[in-house]
Structure formats: C-alpha cells, structure tokens
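In what follows, structures are represented as structure tokens.
Below, subunit A partners subunit B and then partners subunit C, in two separate complexes.
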Partner chain A sequence: MIGKDKKVFLVDDDIDFKDQMEILLKGFGFEVLMGESQAEGEALLKNNKADLAVFDLMMENQDSGFILANKAKRINPEMPIIIATAVAAETGISFSVDTEQDKNWLGADLILEKGIRKDQLHREISKLLKL
Partner chain B sequence: MIKLEINNKQIEVEEGKLLLDVCREEGINIPTMCYIKEIMPTGACRLCVVEDLNTGKLITSCSNMATQGMKVSTHSKRVAESRKVIVELLLSNHPDDCLYCVRNTNCELQDLSYNVGIRERRIRGEKNKHKIDTSGVSLVRDPAKCILCGRCVDACGRVMGVHAIDFVNRGNKSEVGVAFNKGLNTSSCVNCGQCIIVCPVGALYEKDHSAQIIEALDSPKKHVVVQYAPSITVTLAEEIGLPAGTDVNGILNAALRKIGFDAVFDSSFSADLTIMEEATELINRISNGGKLPMITSCCPAWVKYAEEFAPDMIDNLSSCKSPQQMMGSMINNYYAEMKNINPADIYSVAIMPCTAKKFEAQREEMTSQGITDVDAVLTTREFSQFLNKFGIDIKSLDPEDADSPLGKRSTAGKIFGASGGVMEAAVRTAHKMITGKPIKERKIDAIRGFDDIKTTQLQVGDLNIGIAVVNGLGNVDTLLNEIRNGRDDIQFIEVMACPGGCINGGGQPIALNTDNIKKRMASLYTIDDTEEIRTSYENPDIINIYNNYLEEPGGKKSHHLLHTHYMERDVM
Partner chain C sequence: MTRIKILVIENEAIIRAGITLVLQSFTVKFPFMEKGFDYTIIEAANGENGIEIIKKGGVDILLLNNKLPGIKGLEVLEYINTHRLNISVTMITSDACLDLAIAATNNGADGFIAKPFTPQELRISVENSTKQLYLKRMTRQMTTQCKSIRYKFLSVLSHELKSPLNAIEGYLQLMDDKELGNNMNDYHNMIGRSMQRISGMRSLIMDLLDLTQLENTQGEIVFRTIDLSEICKMSIELIRPIAIQKNLRINIDISSGIMFMANVRDMEIMFNNVLSNAVKYNKMNGLININMRESGAEIIISITDTGIGIDENDIDKLFLEFSRLKNKETRDISGSGLGLSILKQIVESYDGKVEVKSELGKGSTFIINLPNKPKI
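After this line comes the complex of A and B, so read on.
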C-alpha cells in the first residue's frame, strides 16, 4: 500500500473525476483531503499538511492548478505535486515538466493527461514518493 | 504470361500481378497513400488511379490486377488532374503547420503536393479540430493532421494483431481513434510504433525525451551515461545520408562522447548478459520440469501484448529483463559501485530502435526507491535529430571503442537486432552450457530471414530441443493457439513484434522499403561473420562481470538485479 499512513490533497471541480480519483487514491491507502475549487484548495493548504497533491488545472482560473501548485510549494517544497488535466485534449496546448525550469515556474512535478489508468497513477506516485 | 499495353508500350508479364507493381517494374512511378506492400489493398485514397483506355474508367492500380489485353495510361491529363484534386482535397482541411511538424521535410503529403504541382490553395475547407492525444507513454496521436489513409489502422490490426485504433465517426467527422473516444493509454496499444513507420504525415509520433536529456547533460551534478541497442549502428546510416545497412559502430561511440555523455555503453553487451541468464533459465526449466515452452521477453511490445491478450502464457515468459533494462540495472549497481557514484546522481539514457522501450523504461517494476533503471529513451530517429542539435557531423569522426566494463560485446549480442537473432545467440550459449563444448554450426539458417513463423529441431548433447521464432506480432496467436491445443515439440520461442525484428522497429528511420530492411539485417550477419568473438560466454566483459560481481548466471544477485515479473493487464 503506497499510501499507508500518508495524506493526499485532491482538488478538482469536475466532481466525477474527483470521485474516481478519490476511489483510486483511497484504494492505494491514502487519506484523501478534498476540495472542489481553487479557493477550497487554498484553504486546504493553509490548514493541513500532506505527502502528495493532485490538482486539476482549469478551475476558477485557467491556471488554478499552477497557482495552487506554486502556493503549495512555498509552504512545503518537498511535497510532490501532480497536475491532472485535460488541457492538451481541450485546447491543444500541452505543458511539460521536462526541465527544472519548467518544474519551478509551473510548481508541478508531473503533468498527467486525464483518463488516467490505475496502474499508471500507482507507478507515478510510487516514483514521486521514491518508494 | 499475359500481354497488355501501358503508356503505348506493349509488355508481357506473369499473370496475377497488381497493376501497380507492373507499372513500378516498368519504371513508372505511381503515387500511393493508403497502399502498404504485402497487405490486402483498400483502394481508399484513389491516388494510384490510372486510365483504363478500354473502358474509359479511372481504376485504382493498387487494387486491380494486370489483365490480358488491358490498355492503360498512367499519366494522362485526366489522371494527373484527378490526382491533383485528391491532394488538394487532402490539404483543404490540413492544419498546414509544416514548419512546426515533426515530419517536416520527411512527409509524404509535402512530397506529393510538390510533385503533383500544387502551388496555390484552390479548395478551402474547415480545418480539422480533432483533439491531440498525449495520454500514452510512448506515442502521441494528432488526428488533426491525419489524412485518413488508414495505414496505421492496417499496421495495428492486420500486421500486429493489436487493433488498438480504428476509424470512428462518419463522413467529414471521421477520424482514427481509440475505443470509446478514450486516450491511447487506456487502449490495447503495445507501443510498437509500427503506426508511426507507416504514417505518411505527422499524425503519429513518439514522446520526445530530448529536453530531459539535454537538461541532464547540462547539469554538473549528473553523471550521464548512454547505451545504444545492437541494431542502431546499422540503421542510423539512413538518417544521416549513408547507404542503408552501413555499420557506424565506432563512429557512434565518438559522436556520443562528443555530445558530452560521461560513459558510452553498448547494449549488445547486456544482450550477451541476457543470453547468459536466459540460456540458464531455459536449461533449468527443461531439467527441473519448469513451464515450457519458454518465451523470450526482450521485446517490450510482445511482453505487453502477452499481458493483455495471452495472460495464460505469462508464466511461459522468461523472467529475464530486456537488454536495455539489464544494462540500466548494471549501470546503477555494478558501474555505480565501481566508480563510487551515487545511483541517484546517474542519468541513464538509451538509444533504441523501439518506441515500446519508452514504455518499458517506465514500468513500475523497473524502478526502486525513485531510481529508474533507465531514465530516458531516444529512438534512432530522435537521436539523429539530437546529433543535429549538437551540431555533430558524424561522417567527420574517427571510430572509438565503447567504454568498459559494460561495452565489449560478442556478435551473438549484436544479432539480437534481427528476427531469429536472440534464438541463435541463446542456442550458441545453451549448447556450451549443456555439453561443455562450443556449437559446431553457429548459423541456424532455418530461423534467419523474414518468414512469419520459423521452426526447427536441434540436437544439443542428449537433448532434442524444438525452437520457434515468431517474426511479427500478428503471427504470434497462430503459434500460441497450437501450443494451447497441445503442441509440445517446441521448448523455446523467440517473439519479435516488429516484422524483421528490431532492425525494423517502430523507432527506426522511416523507410517503407523492404530492400533497406534486408540490408540492415544483412549488415548484422556480416558483423557475425567477420568478428572473432561470436558467443556471449566468450565476451571478456561478461566473464569479468560474473567473476567480479554477479557470481553465476541465474544466481541470487542476478535474480535480484536482472530478472522481473509481469502482470495481467486490463485494457479496452
């Protein structure tokens, strides 16, 4: 269980996706702290600590996920952050975190295109948490 | 023999030939788009039309036979006009972003529009707005650029037997897509990349890792090492303007050092290592009543196919990691220990003929405590661009040797790149392990070449071993079904997903030219004929690594570092 005794922030305004993700993350053993907007995400960050975060990108703002990621990194630079988004499919714009510079300005450690498989998520999380 | 007339010339040809082939043999170049040689033609794109002067009709030469008394004009005004309109229609909804396209200067649509003389836009259509699919680990699909020729659908379904993609929607909403409009990551795609090889435009391409590699090369903290697959040295030539099949072995080592890699290793060494482990595993299975037939596991597209479509055969797969992953593991353990480098500071790059190697490198089993065996994979095509990025003229370099201790190879490791090569290499070592003597006839002609399924029986000491080589993933079910139905004369099977083996991998130069593929294979066998060390167990670096580190093939340390496991995969 890669999430045993660990907490994860999950923020997404797409309720269906959030529910699916919650099931997956709980299945991995995580305690899941959830929000449905950038604002709720910011409140979560203020009052809690987690080992990992999964943020949607486009919520109140087009770049809500990146804003949240940058704020989260200021509080806890060690916490890996996954941006789960459909931005490439929806807009044709794709972001990458191939370089340190990309990671620094986006605040994210990994960007995953939505429609994420369970095994894919498991693999990426265990790599990010160095398990 | 039949007689017919092409462009006012009487010719005599054998009966039963495609009109297209007859024209091409006559030196007449007829453009095609949807046609793939050796696959039942669809006649979908209509570019190959010729005028049948007997009936007055335009007929597709790719799907009509040459017949007695036929009179054909291949480049009449009417034919030229209709071809031009077809290309203009293809361009009417195309994104036209050639300058930013991965296939710029290597695009059949560009060539076609130039060759049929399109110099202005006469037909303006609404541009495609299909969504790009970046969900896959190895491949990206950009259906907006797709011209619906269907070659990828044929390559995926009819050649590879995977059927991950097909046409969806109707009319002008048609596109090539994945079941339920999902991403490629949820599909049965095995990442072989044969769809890229056949795609005439930039609608399919591999996920690029070059930015990460450049970042690592630029970082003083990182010790950046590179390995290259056995087939790369005989296929890179085509990308850099040398004749097909030219071996650029030593020059490649020099180029990689010039780019700035701290150490250059040859995956043919780890192919030798795979052979030591795999031959031992085979002998153990035969002598201890293990699961047979044993099936090779060095092709990651085949491994994923087995996990998806043949989970009942997972126990038949060899537990050996592939040469790429064995090399990665030896770099992070043996080499790191020897050089006193923290494995976390090593950035390990692989240059591979294969897009599925990108998938393999990121498999969860290949990572431990956040350290992956291999960090990034470049295909042969990407690597040739990489050379350009670093301004390296490979033709001006003098050959250099790869680095030891993971750089020396036998030719047995080298022929891994050709279908049948892994089997031949394994038999050479298994013979020595079983009988204590070297094999007399190292060449096994019955398993060389391009046949779909190649089988033979070998006498090794007291043992009679049946071997089979499956050349092309689309043929594997035939053999697997025979085994499921009780066939028991085969003990060892090699499966290579791409037809011809890695020399025709999905990451190789886009050739669509069977002569070039044959030259690549011939070049590997020439190396086997001309060099001295032809068996894995004679490779001095292999002898050293077992003496100094691994102890024995199939031993405890080997099992920990060089073997893996597989799992059933649930896909759409």
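After this line comes the complex of A and C, so read on.
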C-alpha cells in the first residue's frame, strides 16, 4: 500500500475524473482531500498538509493547475505534484517535465495524460514518493 | 483613407502625366464603408519597366496600354495572369478593336478605357476598379474567417463529444477491474454517472441537429402566419411529464390567438429550449410561470422559474456556444451548452431579443421580445 498513512490533494472540476481518481487513490491506501476548483484547491493548500498532489490543468483558468502547483511548491517544496490533463489528446500540444528547469518553471513533477491505467499510475506515484 | 497604388504603363508621356494629374488628388468613398480611398500613381513608359515595378509588389490597379514599344500590353497581362497576381487591370485602347478586347478579357482584364478619354471617364473607371478590388478582398477575408470559425466550432465540438466518452470509459475500466469489490450495488453511482453523461451526449446530438437545420439555408423554408399561443401550449405539453417528476406547478397566462409570421419549426425549437431549461434547472416542488401577450407591435414571452438561478457574472457567458456553467448545482443536470445559443440565434433572426433576469438560488426569468411585423 503505497498510500498508507499518507494524504493526497485531489483537485479537479470534472467530477467524473475526480471520482475515478479518488477510487484509485483510495485503493492505493491514501487519504484523499478533495476540491473542485482552483479556489477550493487554494483553500486546501492553506489549511492542510499532504504528501502528494494531483491537480487538473484547466479549471477556472486555462492554467489553474500550474497556478496551484506553483503556490503549493512555495508552501511545501518537498511535495510531489502531478498535473492531470486531457490537453494532449485534445490539442496535440504536449508538455514535458524532463529537466530540472521545466520542473521549476511548471511547478509540476509530472504531467499525466487523463485516462491513465491503474498500474501506470501506481508506478508513477511510487517513483515520485521514492518508494 | 486607404491608399491604393496605381501603375500606369503608357508610352505617351503626355498621357501618363495627364493621368497622374487627374488621379493624384482623386478620392473615392463608398456608402457601405467608413474609410475612403486615395491613390499613389507610378508611371512606366514600357512593358519591361512595368513588369519590374509589378515584381516589387504592392500594385493594386494597373492602367495598361496595349501598343507599347517593346513587349505588348497583352504580354504584361499574361505575366499578371500566370503569376496569379491580385491586380485589377484596365486596358487603355486607342481604337475600338474587338479582337484585342476578347484577348484581353480572356487574360483577365477587368475593364477598358478608350483613348481619347476625359478626366471624368478616367475617374469612373478607377472608381469601378477600386470597388471590384475591395469586394474581392472582402470576399477572400470572409472566406478565411468563415473557415476559421468552423474549425474552432469543430474542435470544441470534438472536445464536447470526447469528454463524456472518456468519463464513461473510466467508469467501465473501474468496473472491469472490480475496483469496488464484487457487490453490484456498490457500482450504482458509477452507472448513474455514465447514464448521465450519455444523456448529455444525446441532447448535444439533438441540439446539433436543430443547429444544422437552422443553418441550412438550402431548400424551402416556409414562413406562414401561425398561432404562437398554440405552439407554446404544445411545447408545454412536451415538458409536462418531466415537470411532473419534479412536482413542478406550471402557471400559464397566455393570450389566445397571437398570430405571428414565422417558420413553425423555429418557434417550436425556441419554446422547447426555454421551457426545458425552466424544468431542468428548477428545484423540486418549484414553480414555472409562462406568460405571453401582445403589446403594441411586439410579442412578449416571459418564462420564470424558481430554480437554481444564475450568478450575475455568468449571465454574459450564458448564450455562448458550448458554454455550460459548471458548479455544484449543475453537475447532475445534463445539457449540451448549445440550447441558449440556438434560442438567441432564432430570436435574433426574427429581429427580436432575449433578456435574462436572475437571482442566484431564487430563479430566473427569460424574456423574449418578438417584433410582430410581417416577415417577407
């Protein structure tokens, strides 16, 4: 159980994706703290502490996920952040966070395409938590 | 002022100078546009020089004599034609020669002016060329804009169609993996959400059909005088079954015999869209007031619900294509995000207007004004 005794922030305005991600994360043993907007995400960051964060990219703003990621890194630079997006499938634009520079600029440690399979998600989270 | 560049290719110096004199202070204004046109004139004494100037670009109108010392005017015309240059060409002819006229027209000349010509004839010719040029450019610009709007629409549409598929696929994957165990009842919520997304997708497809019908200008669209009260009452009967499920009370206050010249299908779509919203976004045990009356030369339709209401800041977004207000109140209501944009499009095509008054948590009123003048 990679999420045992760990908390994760999950912020997404697409409730279907949020519910599905919640089930997977709970399945990994995490306690899931949820929000449905950039504003709710900011409130979560202010009042709680977590070991991992999964943010949607486009919410109120086109770059809500990046804004949240940058704010989160300022509060807790150690917390790994995953940005989940359907951007690549929709537009063909893809982001990568291969270099340290990308990481600092985007605030995210990993950009995940929505629709990722459970085993892939498990593997990526393990890597981020250095388990 | 928009500046138009005119090139004059003419071997007689006195004629070139005359043309320059007449046109350099000439301006053209059209009633359909704000800015007028004025002219810069460049002279060339032969075809070879003329082509050099054309190669540099920027020439809008060419006044071209055929009888030139070196290459002929027709050859210059051919150069423009083969290079597909967007230049309006007027041939200067010294004699009314039919063969030349045919050859020049075949090569894309837009007009002729016969020597000797008066300053007024010259001005009229240049004014016509300017108008042609402007209309051609406008047409091209509109075609490009139209393509880009269509592209945007299609890319948003494909997003709207893909996102429910992704959601349903995700739920099916979770069910396939038996993520919540073996008890079927635990998947109730996932199945419910999937059905919800499917129903949203279905209403999107229905609305797209409405939209296609509205935009299809081919074929016969029948306008006739119809009784709007009857059409409204039929729409009310259509929504009644869903209203009963929510235990909504419907108050109808409609003057009878409101006659209006319209296409029946347009009016049906208009009422269906606004009435189905009043049901969908209403609360349990709520109320719908439907009011329609004639006031002077206007028909006023007002539909009030006691639903979730709309935030003041969101009202402007309401009528945009594919705009759905996302919040906790609307998440379980399926919609395409097209209904109100279709409504607005219909009402405006009858020179009418739609207005919304709303209070968050209390309800909304949609007021439709239709000017009741016979439509031809």
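List of remarks:
Quick note on the criterion: the second predicted complex is superposed on the first by the 131 of 131 C-alpha atoms of A that agree within 3 Å, B and C clash if a C-alpha of one lies under 4 Å from a C-alpha of the other, contacts with A are read in each partner's own complex, and residues count from 1 in each chain.
We adopt the following convention: contacts are C-beta pairs under 8 Å (C-beta built on N, C-alpha and C of every residue); 3 or more make two chains touch, one makes a residue touch a chain.
Model, not experiment: these values are computed from the prediction.
When both complexes are overlaid on subunit A, subunit B and subunit C end up sitting side by side without clashing.
Residue contacts after overlaying the shared chain place A:13 against subunit C, while subunit B stays out of touching range.
Chain centres taken from Cα atoms put the angle at subunit A, between subunit B and subunit C, at 90 degrees to the nearest 10.
Of the two partner chains, both subunit B and subunit C are touched by A:115. Shared-chain residue A:47: touches no atom of subunit B or subunit C. Of the two partner chains placed around the shared chain by superposition, subunit C is the only one that A:23 touches, whereas subunit B remains out of contact. Once both complexes are placed on a shared chain A, the shortest Cα to Cα gap between subunit B and subunit C comes to 7 Å. In the superposition on chain A, the residues of subunit A touched by subunit B in one structure and by subunit C in the other are 89-90, 115, 117. Contacts from subunit C toward subunit A in the complex involve residues 155, 158-159, 162-163, 166-167, 169-171, 173-174, 177, 179-180, 189-190, 193, 197, 326, 328, 331.
Residues 88-90, 92, 94, 96, 98-100, 113, 115-117, 119-120, 122-123, 126-131 of subunit A are the ones touching subunit B in the complex.
On the side of subunit A, the complex with subunit C involves touching residues 13-17, 19-20, 23-24, 27, 36, 86, 89-91, 114-115, 117-118. Listed in rising order, the residues of subunit B touching subunit A in the complex are 131-135, 137, 182-183, 185-186, 209, 211-212, 215, 362-364, 367, 369-372, 569.
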